[in-house]
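After this come two complexes, each holding chain A, first together with chain B and then together with chain C.
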Partner chain A sequence: MDVLVQIIASGLTLGAMYAISTIGLALVYGSLNMLNMAHGALLALGGYVCLYAMTVLGFPAVAGVAMAMAVCGIAGLLIYHLAARPMLASRNFETQIFIATIGIGAVLENVILRVFGPQPVAQPLKVDGAVIIGSVYVPNQNILILGVAVLLMAVVAFVLNRTRMGRAIRATAQNRDAAQLMGIRIGKVYAQVLMISGALAAVSGIMISSLSGLLPNMGGDPMLKAFVICVVAGLGNVYGAVAAAIVLGLLESLIQYVFGVQYSFAILLMLVIAVLIWRPAGLFGRTQVVRM
Partner chain B sequence: MSPAKRDVLVCIGLAIVLALVPLVIGTRYIITQMTLFFIWAIVVTQWNLVLGVAGIFSLAQMALFAVGAYATAMLAYYFAIPVIVAMPAAALITVAASLVIGAACLRLRGPYVALLTLAIAQVIYLVVVNDTACFTNPPSGCLPLFGGVRGFSRFGDLGFRALLGSKFYVAHYYVGLSLAVLAVMFSIAIIRGPLGLAFKALRDNPGYAMSRGISKFKYQLWVFGLSAFFTGLAGAFYAAQFGVVGPIVFSIAMLLFLLSMIVVGGMGTIWGPLLGAALLMLADEGMREVGDWRDIGLGLVLAVFVILLPKGLAGVRLRRAKAGL
Partner chain C sequence: MSAVLDLAGVSSGYGHHLVIRDVSLRVEEGTLAALVGPNGHGKTTLLRTISGLVRVRSGTVSFRGRRIETLRPDETVAAGIIHVPQGDLLFPDMTVLENLRMGAYLPDAAQRESQRLEEVFALLPKLKERQAQLASTLSGGERRMVGIGRGLMAGGNILMLDEPSLGLAPIVIDQIYAVIQSLKSSGRTILIVEENATRIAEMADVLHLLDNGSFAWSGSGSDFLSSPEIIATYLGA
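And then the complex of A and B:
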């Protein structure tokens, strides 16, 4: 019983962290067909900006998070204007932007490495204490992460469903040409989506680093996991991504308990490969009928 | 002269010039670096076939290279098979691995293929690195089945050291050169041959091509499997040349380096990737002075080329040739 509570508690925390960074990726893919390989670097950037704001500038935690979100949002905007926009019309956009963002991610990661050094640092934003359920020790940090994640998901859902901007984003994702004909400035939508994605990446990066510490290349694994979640859900499907993130988080903590931490990612990836062979468009993805 | 004939003649001409190089230059460092260039040349010409010709957005090419290198090292280390025999065996193992990966990935669409192949490469890397249980206990210490973080060393070489003494690296140069020539010839045969034509048809008018019975999946699997042979062979030769195989062959930095060669040179062309490989290796040599900035430079080169010159340097030349007509 206690083991079950432990697995669920850590699984939900993992799932919540993954969900936040996955939403951003799913939004970007949904509207631009763009896989942002610089996302991992944005996670690290968010974590380090928060660290910088809190330790060097002496900001309170909330201001630190806000600053990280702002910086990563601007970084997302820059990625749109400098990389995505010039090649939007290109026939191989998906391939080209993938390669370009690999390059941008490498640059960003190495700049962080130059500025902050290669040694791991602890994230200052951390709450102490724990809640005891039965005889299981659940750190307050995990509860905070879960709470913030749920709050952010609610905000994103509200923005997508109830605001003008959200409607424009959904319309663009459904049918780019029709949206444009209806007078939606899709360029603006793209820029907004990449900014939101960047800001969410910052929060996700802060969460991840508060549990495992800051390293310049800390974003790589979470990004790959976020992509895996997107793929399992069906690329571009935001709600499916949240569901898949939580399921995979729970699954990961179960695998960690049964087989040990070092195999969790490998087993997870093999499961995903199996899912994709069985359903090539993802669990919640619609099979696209392509007409010639 | 037909384009295929011209390309073959260029390839032979280049091979003759390169074969004369060791007679003029005696510096061991330069000869070894050029041998490394041949290895990268093989990898990028084959990856280019997958990426630029068949349109499979696969990032598993370095994992296949690693399979070739590891298979050679493991066959030689565990079964004491001579490296020269282990190399072709490793290439065949690589083909088998590529067919499994291809069967899983090739039914998917572009970005899914990229993500899945990246995930597969990562799984192989994690299995190699995270395995800490000792498989054997040689005098140098515990060795996991796949070599763990340390990798394999002392699994023998091609035998030129015993034959030629300190000049063995010149023999390696010629082995690398002949493998690279074979790989380039193969790439010419694919691009100028029926397979290249099939992919051109599929790209220009997929509906018509398919209705004429051109199966995308079948041809993609062919290119994927065939190019894996030379990629695996390059990995095997890498193992033989350096005598060490470690998890560094899986690193993102290496993937980035080779991908940049293809992008800078020009995806889908015969000579572009080779040009890119030569230029980036020279640039890398130049950046050795500023060591720490190397990865930033590479990332910038990759991003700037994709954004401003998506067809690479070969594309510039083609455009100019067209304007001249």
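And then the complex of A and C:
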């Protein structure tokens, strides 16, 4: 029983963190068919901006998070205007932007490396203490992560379903030509989506670094997992991505407990292969299949 | 009579390939103009060029006295051009009601949303029954009605319909034509692309035959129906 509580507690935390970074990827892919390979670098950027704001500028935690979200949101906007927009008209947009964002991610990561150095640093945004359930010790930090993630998911769902901007984003994702014929300026939607994705990446990066510390290349592994989740859910499907993130988080913590940490990613990837053989468009995807 | 829409020497296409060549077209206020002709000869591209989805390469497009050939699609919609695209292009994960409301996305239309919704439901009562259903679960005829209804939600000064009878059963085609007839009777300006030339000719004030990117014949619907040699040459009927 205690083991189960432990697995669920850490699995939900993992899932929540994955979900936040995956939502951003799914929104961007859904709207403009863009796989943003700089997403991992944005996670790291968010973590480091929060560190900088809190330790160097002496900001309180909330302001540190807000600043990280603003900086990463602007970074997302720049990626749209400097890289994605000039390529949009190209027939090979998907491949071009994929490669371009790999380059942007590498540059960004090396800037962070240059500024903050290669040694691991602890994320100052961390709450102490723990809640004890039975004989299980659940750190308050995990509970905070879960709470913030649920709140953010609610905000994203509200924006998508209840606001004019959200309707435009959903319409663009479901049919780009039709969205334009409704009077939606899709260039604006693309820019908004990349900003939102950047801001969410910042929060996710802060969450991840609060548990495992800051490193310039810390975003690589979570980004890979976020892509895995996107693919399993069906590329571009936001709600499917949240569900898949939480299921994979729980699964990962179960696998880690049963087989050990070193097997978790390998087994996760095997599951993905199995899912894709069974449903090539992903669990919640429609018929669209993307080949790179 | 004043022309709502006036194209002069318009060419457009995809990549290096020109699909529309030097087309001039006037659509008068309150009339129904039809574009007919064989498949793959540019009828759909011409509508997409007017609404801005395809860029104008040369020539001018005037709409209610204003030049619009350089506008983006969202700007032509704001100017009053309503384009109901071929194949409906509904938003599959939205309900019928959400799809209709998307038609009133722009601020001007949003202000009149509830009033227009009443009008659309009055014209297409089936949609009122189906309003909570997801668009992806509708039948072909219902999808077509949502497409037309969504366009009407925007108001606009010209309604462009691209193959409204495509792929529908004959009885459903009759229903769609009845809707078009009542839109025409209410004084709307309509530009319609239709595969079934003789059927639309019965209703059209003006008919243009588009062949290989240019107009091969233009005249009234009744002149078209009394020119069997034109029909035989271009439409093989």
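Everything below uses one rule, namely that the second predicted complex is superposed on the first by the 287 of 292 C-alpha atoms of A that agree within 3 Å, B and C clash if a C-alpha of one lies under 4 Å from a C-alpha of the other, contacts with A are read in each partner's own complex, and residues count from 1 in each chain.
Simple rule for what comes next: a residue touches a chain if its C-beta (ideal position, glycine included) is under 8 Å from a C-beta of that chain, and two chains touch if they have at least 3 such contacts.
For clarity, every value in this text was computed on a predicted model and none was experimentally measured.
Asker: Does chain A have more residues touched by chain B or by chain C?
Answerer: Tallying touched residues of chain A, the top partner is B.
Asker: In the superposed arrangement, which partner chain does A:140 touch: chain B (first), chain C (second), both, or neither?
Answerer: neither
Asker: What is the contact status of A:276 with respect to chain B (first) and chain C (second): first, second, both, or neither?
Answerer: Touch status of A:276: first partner only.
Asker: After lining up the shared chain so the two structures overlap, which partner does A:168 touch, if you call chain B first and chain C second: first, second, both or neither?
Answerer: After superposing on A, A:168 lies in contact with chain C but is clear of chain B.
Asker: Where does A:181 make contact in the superposed view: on chain B (first), on chain C (second), on both, or on neither?
Answerer: In the superposition, A:181 touches chain C alone.
Asker: After superposition on the shared chain, which partner residues are touched by A:55: those of chain B (first), chain C (second), both, or neither?
Answerer: neither
Asker: What is the shared patch of chain A, the residues that chain B and chain C both contact?
Answerer: In chain A, nothing is touched by chain B and also by chain C.
Asker: If we count contacts the way the header does, which residues on chain B are in touch with chain A in the complex?
Answerer: For this pair, the touching residues of chain B are 57, 104, 107-112, 114-116, 118-120, 122-123, 126-127, 130, 132, 206-207, 210, 252-253, 256, 259-260, 263, 292-293, 295-296, 298-304, 306-308, 310.
Asker: Looking at the complex, which residues from chain A come into contact with chain B?
Answerer: Interface residues on chain A, with respect to chain B: 29, 33, 35, 82-83, 86-87, 90, 92, 94-107, 110-111, 114, 220, 224, 227-228, 231, 235, 262-263, 265-266, 269-270, 272-273, 276-277, 280, 292.
Asker: What residues on chain C touch chain A, complex-wise?
Answerer: Interface residues on chain C, with respect to chain A: 51-53, 72-74, 77-78, 82-83, 85, 89-94, 98, 101-103, 105-106, 109, 150, 154.
Asker: Residue numbers of chain A touching chain C in their complex, please.
Answerer: 164, 167-168, 170-171, 174-175, 177-178, 180-186, 286
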